[in-house]
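Both complexes shown next keep chain A, but they swap its partner, so chain B is in the first and chain C is in the second.
Moving on, here comes the complex of A and B:
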């Protein structure tokens, strides 16, 4: 009987905690968030800057060059720093997207012409970004940025091959495709 | 006879929030909640009398009047939805779709379970029926709370207390009823103390949160955000896809 009471208490506490966490999750702290315009810069210059950073971060050229020139300890420290910067970059991207999504929810909640179907689509896009960035974060933390990039490239090639096989096997008769690309 | 003091404390606890709301003149702000609480108070007072005057009639009366609380509880959930989302038409629209979906799903499950050919002739106990209806209520309330959290809807101290208190009450009822149904009479002894214990906690939450009138905060209206929804939604999606694209391009360079 004691075990039952313990299980019962555990269930009540777990449900109470989940309600509490849900309540905390929804609090929008505007101060901690970027403004909507600054959240995700669309200027080409910023994008080129990001490309430069990521090109160097995820490339293995620097590490290969340094491997022959400096001590093993320094190479290890270089890799650690690079991993830390890459993780910081992914974290920052996740924060930006979280802020964008929070702003979106805060703004649309008062809009009378909100469409539930479109909201589900936005949520799906957000979740797919979260899954993708979470996976990338894990890969970088475990394998380092250059190996993670290699793994991403390999999986992209594999996915493209798989897609080609599927396309050949099942020819699309009248596909309905919705394409939204960043301008 | 140790449950008699618990019973009396319960009756006092149930009468405190309505008396306080009547004193402070905000009883009309939460009509369904106070109707629910006063009906429970009347029922408990009635059961208390019957228990000593005509003990044999007590179980029948207990299960028959239990459904009044279940029905008024639905009204309480509806009131929470109406009050919290009055200033948020967008979220209210989403809530209607979500609640309709949850209701169809849970109530459909309830109908299928009860009207299936195998159990058509089976006499269902009041306990089973109440358990099923509580599942519907829990699902609806949980969906509503999740939506409040998702859209960061401020509830105010009063409504937060009502919603969380009732949520706790539903969950503990559900667990109690499930254990009572699974374990039968062996659980009865524990149930006699566990159910009032949980209910005392719920009453304490309600008394604390409804001690004075704290309405739902009004949203700050920002005219520049009066935008065209479709364009705004499209902009968000484009930015989300751009972020995903940047992440992919960054690692593929």
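Moving on, here comes the complex of A and C:
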């Protein structure tokens, strides 16, 4: 039992560290390739079009089309760009869910009639989303966004479940989070 | 009540804009650029003289913004293969040789003006990378065509 806990803790720490390193690398490479971010507003909430890009972002259709049309070097650059955008998408989703969880924690402090079962569910779903999105980030960084389409759907479902539980737990004060579903 | 009337007015203005102006323009990409061109680059506010005369400047502004977002959504959902056709249709509509169009757009990155104000950096990067890829395809096709002729 003890050995199992040690192995699990090791895996969590390793995953956390690799996410941190990949996150830094993703940011650096994206900034090095394109300077568009500097010219645009930086608030994630302001982007109302993210749900419209999800299906295309995690599809292999565009890369397959480009492979028959342009040079290998250009296709590679396109894939790198898509990977960088997909990693940004995951970071954005993690930020949103963390924000939802933080707001929920704040609301819980001022709520008298709490259901312990719901609170355990919130914590469980928050942790499962964190693990799933961590794996998703790793998978995208290593194998590209088109290989991660299924996991994207799962993490969207996890985020949706968390949102539903939070809404049920404290309906009046619950902040809304946009849940993005790939088509 | 006031907001209800306004919403109905905006919808009527949107319908009018779609029927009178946007229908005449071939392809969503050309429509996107037309709608972006009705925006003041200094203030980000939209203006259309005909629409403002019929519905008032505020309703016209909201209708233009709404149609801009609607067309932008369609362009975002469009795969690169379709975007190539859209760019070709736009170049033909603007009466520019595709190779000149590709050169100018690659250098000036003119497509950036088409992005609505509400668009965040992530979506903007996605849009720009798709347009750059479509321009690369057009460039490859037309330079191959020039070499063979």
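Convention: the second predicted complex is superposed on the first by the 97 of 183 C-alpha atoms of A that agree within 3 Å, B and C clash if a C-alpha of one lies under 4 Å from a C-alpha of the other, contacts with A are read in each partner's own complex, and residues count from 1 in each chain.
Methods note: a residue touches a chain if its C-beta (ideal position, glycine included) is under 8 Å from a C-beta of that chain, and two chains touch if they have at least 3 such contacts.
Every value quoted in this text rests on a predicted model; they were computed, and no experiment measured them.
For chain A, the partner with contacts to more residues, out of chain B and chain C, is B. Legend: residue contacts after superposition of the two complexes on their common chain; A:85 is shown touching chain C, with no touch to chain B.
By the document's definition of touching, of the two partners only chain B reaches A:119; chain C does not. In the superposition on chain A, A:62 makes contact with chain C only, not with chain B. Comparing which residues of chain A touch chain B with which touch chain C, the overlap comprises 40, 42, 47, 50, 55, 57, 59, 89. Touching chain A in their complex are the following residues of chain B: 87-91, 93-94, 97-98, 145-146, 148-153, 160, 164, 167-168, 171-172, 175, 179, 183, 187, 190, 194, 198, 219, 221, 225, 227, 229-230, 232-234, 236-253. Within the complex, the chain A residues that touch chain B are 1, 4-5, 8, 11-12, 15-16, 19, 22-23, 25-28, 39-40, 42, 47, 50-51, 54-55, 57-59, 89-90, 93, 96-97, 100-102, 104-116, 118-119, 121-122, 125-126, 128-129, 132-133, 136, 148-149, 152-153, 156, 180-183. Across the complex, chain C meets chain A through its residues 69, 72-73, 76-77, 79-81, 112, 116, 118-126, 128-130, 133, 136-137, 140-141. Residues of chain A touching chain C in their complex: 34, 36-37, 40-44, 46-50, 52-53, 55-57, 59, 61-62, 65-66, 69-71, 74, 78, 81-82, 84-85, 88-89, 92.
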